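Multiple structures are listed underneath, in structure tokens.
Note that chain A is present in both complexes that follow, paired respectively with chain B and with chain C.
Showing the complex of A and B:
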């Protein structure tokens, strides 16, 4: 059929086949201009053609064809990679002048590094690394040994990184990262080299510049492969390669002076900061728009490739973060793992580092691919040894608990924003599993005669696990709340209720932690109990464990801040939450909805918050004692944690917050009424979560 | 979606009294090019005409324009609907021309829209704003929005966004919490919550 027909407004419209565009196997091009025109005439002003499923997404995805702002298919320069190549966009060799060729090769290497860093930071592979025509047509470069081997190692490295990130599979970031099209690269031996280029004076400089770039790539690739080895077996070797990478990066930086000073590619002008190459010159053979059709249906976006210096800094940071992972001692205690991950996240590692951490921690459903989850839980809950081979681990609910633990570890490796949302969601799961475990234990241990362990031990196992589950639940809740500060989710007039809720949660956490420790101490004590120990001696010698006291410091800070903020609101009308549409009650509900739904904790509501804070007055000494108490305990704890640099740093921060707030409180009390020129601010100058009050005259 | 940065004021500000600004609800096709021009100029995301039509055609009563001496200087474009069992309003675009910022025009536009949403039975209102857009965050904060979530690298330039949410008072929250308090805490207070009406203070802008 040479024609196709269309119908508009009940009339037949002539739609000719367009012969100038060749038809494919199953396609034929037809000119529909007349059909469209007729349809337009039928529509009223402002009338949209829309079906039932024409929703916002459909509307926003709609394109205005041939509008370059929207239409990715609009040809910018070249229609395809092949056309670009035909037009000389990616010559091989880069230049017949060998000095220029070497310089241009270095530029390509630098630009690719910058593209790679840009990709890692969240842009698509297509618009970054694969904007390189040489990479897209690898075989073309086979006559150019340097370029060819560099391209091959880039492809191998990208494959390795994509593999790690997909295996971690958190979907926290757009899957732009993993959209790639990389056929496997073939192996080829690097040919023997002659001198790089003909200018003897420049030969050494160019050799050095190239060598460090090539060596960096080699070592970086080895870092990735070593870190993927199961059960952390390659970590030590990875550290060596990381050290080599960092040293090669230093060389690359040092080489920039030579590379820039070279007239080989002409004067490239100033503004070196944003340039993607050490020389400052534009690299040959890159065109990000070639792949834009592959990124459809989104509108075309030009992205800024990171500057070369920034790219180096990115890799230095990545290597630093990977080194921390590689130095990790693979602590078999769950508590140790959680602590490590929380501390690691303070460095704000990017996706690639976090994916590596997650894969190290969780492999084949085991911790480090080595320790079965049940064993980890048994240790964490301080279960008696006898449980090691018990059928308990086959219990369905216990298995689910294991899955919650695995899932928690994965969540803790995601970026803070995603992490907080996920932590909020799982609160309910942890609450539910507690209830289910209670039931499961009752059933499991009901038929005592058939099991190999006695009733007392059953009770112990049950109690230990339940207490531990509660402790974990409150720990998750505390992380959820604290992350809100890091993410800047709270405004100053919400601090009071947030600190109050943190206070409430931490009290529960401390209670459960303490209870757990008492129970396990009980077991230990019972074993080594001497007949001469009198209850009085035991009671007198008993000291609250340092871990619990550590929590107590935070509790005092939270309490102190809650009361200070409440008093300021009550007496000086500071941080009042006004608004025409709702009240503090709604905001409380919104912030703590997930906690409330999961009854974490029970019997807590906006009313309890109101009642706790409505009578707060600056003059009340109890507030003063809070900060003083925090200071006192923190000071006393220094000796207990002298071997733990992270905790020592935290104790110092606690002391500073306590001291400064105590002083501020004193000052505000002495001043009496706050005259309008005095302002009270709360800043996070000493601690990322616990604010410090600052009194300023504006 | 997007809002202009309220705090940004160019060197050239236009002098005017608040009373000189006239506000109008979306009145039809003649308003559409005014909205499009404003949004196209001031906001970075390219929107197709379908996007605009989608909003103003289906929810004309939720979009408002601000005029100064006949010139359109600001606009707000919104929608509302059922979303996961919640009837919620959504503020899609908010723009005020640079020389007119900082004078409460955006606040007035948004307030009018939110009032209509509230009267139409919405339970909450939501929008996204760049974490760096201090002006928008302050504006919505004053209206009672909280930062419900942080969205990592939401915008293509790598900037994070906050999802802002305003929850209207609901009788259920108040009564269920009041019930909890009388059950669990013996304080003999039956109705702990002041009446909703008295809390909704009319803003004079």
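Showing the complex of A and C:
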């Protein structure tokens, strides 16, 4: 059906109506262009014809057609992939000159690597990797063995990455576009024994350049699949492939000299930093606009594909991060897991690595797909052995607690901003579960009082779990506060209140940790010596465990910094929070709202902060120097953690911060009044969240 | 095209207007309407009535790059910009010659007058005849 369209814009336009757009049953498409035009002329400016349910706000959010910033479906060069192919946008072979052909193949491989890295960094698959026309019509490449095998493995790799990221559900945080393509994991074997190109002098260089690219893909694909094996069983093998990947990446880097230097490439090496290929040439067969409709109806984004060198650096970093995961010992203790994840996050791993970590930690609702959550909790809370087969684990609240632990692990694997937001939110849940557990235990143990387990054991189980839940809650709160430094959410005027809150939380954390350790030691001791020791003896023998002392160092640092900042504020009127927009009280609430709402800790408010800092004076601080205490304990602790490199490094950092701040404190105190040329400021040169004071004459 | 400036203007004008459903002639009257616009209002009445009948009907709009949009007429303004609800985009896979069409759902879209090349409404043959006559 083709109709003559009405007068549009004053000229006759021949408008074909495609038969594949059917009108309704027994109806036709009637041209209304002229009616609309005549009607519009009669309307006044700003008048609209609309129905009763018209909503101007909704109307303003309409997608504007033919606006390049909103309409991803605009026809650019080609109407479809097929049309692009018919017009020679992606020829196979790439050239009848075999030397040019091989060179172009290498360019495609390089550009795809850059696209892949850009995709991992958060751009859509459609605009990056799948801008490659060859990838979209894989069958066409079957006569070109090199290109075909490379494209197939790229697709298989993309599938593997999509599956990791979507399984980990970390994709909400980044805009990783997931697309389903039939997986094709088999790699085609190169059977071609003809020379790659015509000039025999170049044969070796091309062979090397191609081989390292293909080998990298093979090993990288193996890395991804090995890491997905259940219960971390493929980690060892994955490490071998990671090592191979890294060495192939080195070869790829080295090959750029040959690829760039040969005559087939021509001279296209200007601005090499931005180029996405080793040769610096534009690759053949890419058109992002063809595919942009797949990511619709969201407006298209302007993206920039990473440069080739940057892409290689990205993969090197990714492989190093994956290697850290693969070398992890699958520590069965929850404390060990949390410590590992926090340390791992310090390397700022990207999405793909974090998704792998999360899938390793939580599989089938179990830790590493191996240890049931209740067993993990029992171990962490040092429950007596008798609980292992106890009905307690079927209790609904205890099951909920297990789910909280699982979601905590998942949250810790996300990026810093998302992580902080989620941690703040689950704090409330941990607080609620504490109360629910208390009630549940009371009920549970009332019911089973007739059973074989005596009341003492029941009490013990309930106490141990409750203390552990509290300890965990304070741990989450401290992580929440510390992440604020990483995200640079605090201004120097607010450091005082932030350190004060950290101090308060850490004291609670240390208290609960200590209590938990006392309880578990108690259990062990009683097992050995039957109630021979009186409580007094235990107290006399007992030394504070290194783990608690370790926390104590942080407590001293936080206290020292709080008081130093408060004294500077009180005596020298610096670091006062006198913003024009909000009061200190309001900022206190803004920063700690989630903690305050969850009553973490109880009875803590802005007033308590004010009261504890308003009397701070430099002279008293020097007398009672927290930094010295921190330094002393840190030194003593070295021997306790000699085989723990992470904690040793942290102790060194603590000592440095403590030493520098101690010196600064003395200096400021000795100077008496700060003369205007003297500036005190804080920087994070020795520790990521405990600041170091710097006193300088400007 | 309803650019932002115009949209804002529209917003200002419509703010103190009753919904057109309440207006007897079927179009939003101008806020500062005076008696001398009465003839305009009279003229407006039957055409606007006709167009109002098209609201929420299936409308097929062609645009300059060859695509078609099928959706329900939601709104039209003086400039001839059309908003379609639940729109589906149709696009042929070749520049020339009839070829299979690809389609995808877009939701609420605004088609500026400047890029509109055709506009059809799904209706019965009788309705078509009455629509074609531009006389009262």
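The rule is short, and it goes like this: the second predicted complex is superposed on the first by the 582 of 698 C-alpha atoms of A that agree within 3 Å, B and C clash if a C-alpha of one lies under 4 Å from a C-alpha of the other, contacts with A are read in each partner's own complex, and residues count from 1 in each chain.
In the analysis below, a residue touches a chain if its C-beta (ideal position, glycine included) is under 8 Å from a C-beta of that chain, and two chains touch if they have at least 3 such contacts.
Model, not experiment: these values are computed from the prediction.
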(message) Per the contact definition in the header, classify A:66: touching chain B only (first), chain C only (second), both, or neither.
(response) second
(request) Identify the partner contact of A:494: answer first if only chain B is touched, second if only chain C is, both if each is, neither if none is. (result) first
(request) Check whether A:243 is in contact with chain B, with chain C, with both or with neither, and answer first, second, both or neither. (result) neither
(message) Applying the document's definition of touch, where does A:607 land relative to chain B and chain C: first, second, both, or neither?
(response) first
(message) One more residue to check, A:324. First (chain B), second (chain C), both or neither?
(response) neither
(message) By the touch definition at the top of the document, which applies to A:45: first (chain B), second (chain C), both, or neither?
(response) both
(message) On the A-aligned overlay, A:32 touches which partner chain: chain B = first, chain C = second, or both, or neither?
(response) second
(request) State whether A:507 touches chain B only (first), chain C only (second), both chains, or neither. (result) neither
(message) For A:80 in the superposed arrangement: first (chain B), second (chain C), both or neither?
(response) second
(request) Could you list which residues of chain A make contact with chain B in one structure and with chain C in the other? (result) 45-46, 48, 56, 59-60, 62-64
(request) Within their complex, state which residues of chain C touch chain A. (result) 1, 6-7, 9-14, 19-21, 26-30, 40, 43-44, 47-48, 50-52, 54-56, 58-60, 62-70, 74-80, 82-83, 89-95, 98-102, 104-125, 127-128, 131-132, 134
(request) Would you pull the chain A residues touching chain B in the complex into a rising list? (result) 45-46, 48, 56, 59-60, 62-64, 69-70, 121-122, 172-174, 299, 301, 303, 415-418, 420-421, 487-491, 494, 577-583, 585-587, 589-591, 603, 605-608, 610-611
(request) Would you pull the chain B residues touching chain A in the complex into a rising list? (result) 28-29, 32, 46-51, 53-54, 57, 79, 111, 114, 118, 131, 141-144, 146-153, 156, 158, 160, 162, 165-169, 173-174, 177-178, 180-181, 184-185, 187, 192-193, 199-203
(message) For a test of understanding, state which residues of chain A touch chain C in their complex under the given definition.
(response) 3, 5-6, 8-9, 13, 15, 17-21, 23-24, 26-40, 42-52, 54, 56, 58-67, 73-75, 78-80, 82-83, 293, 296-297
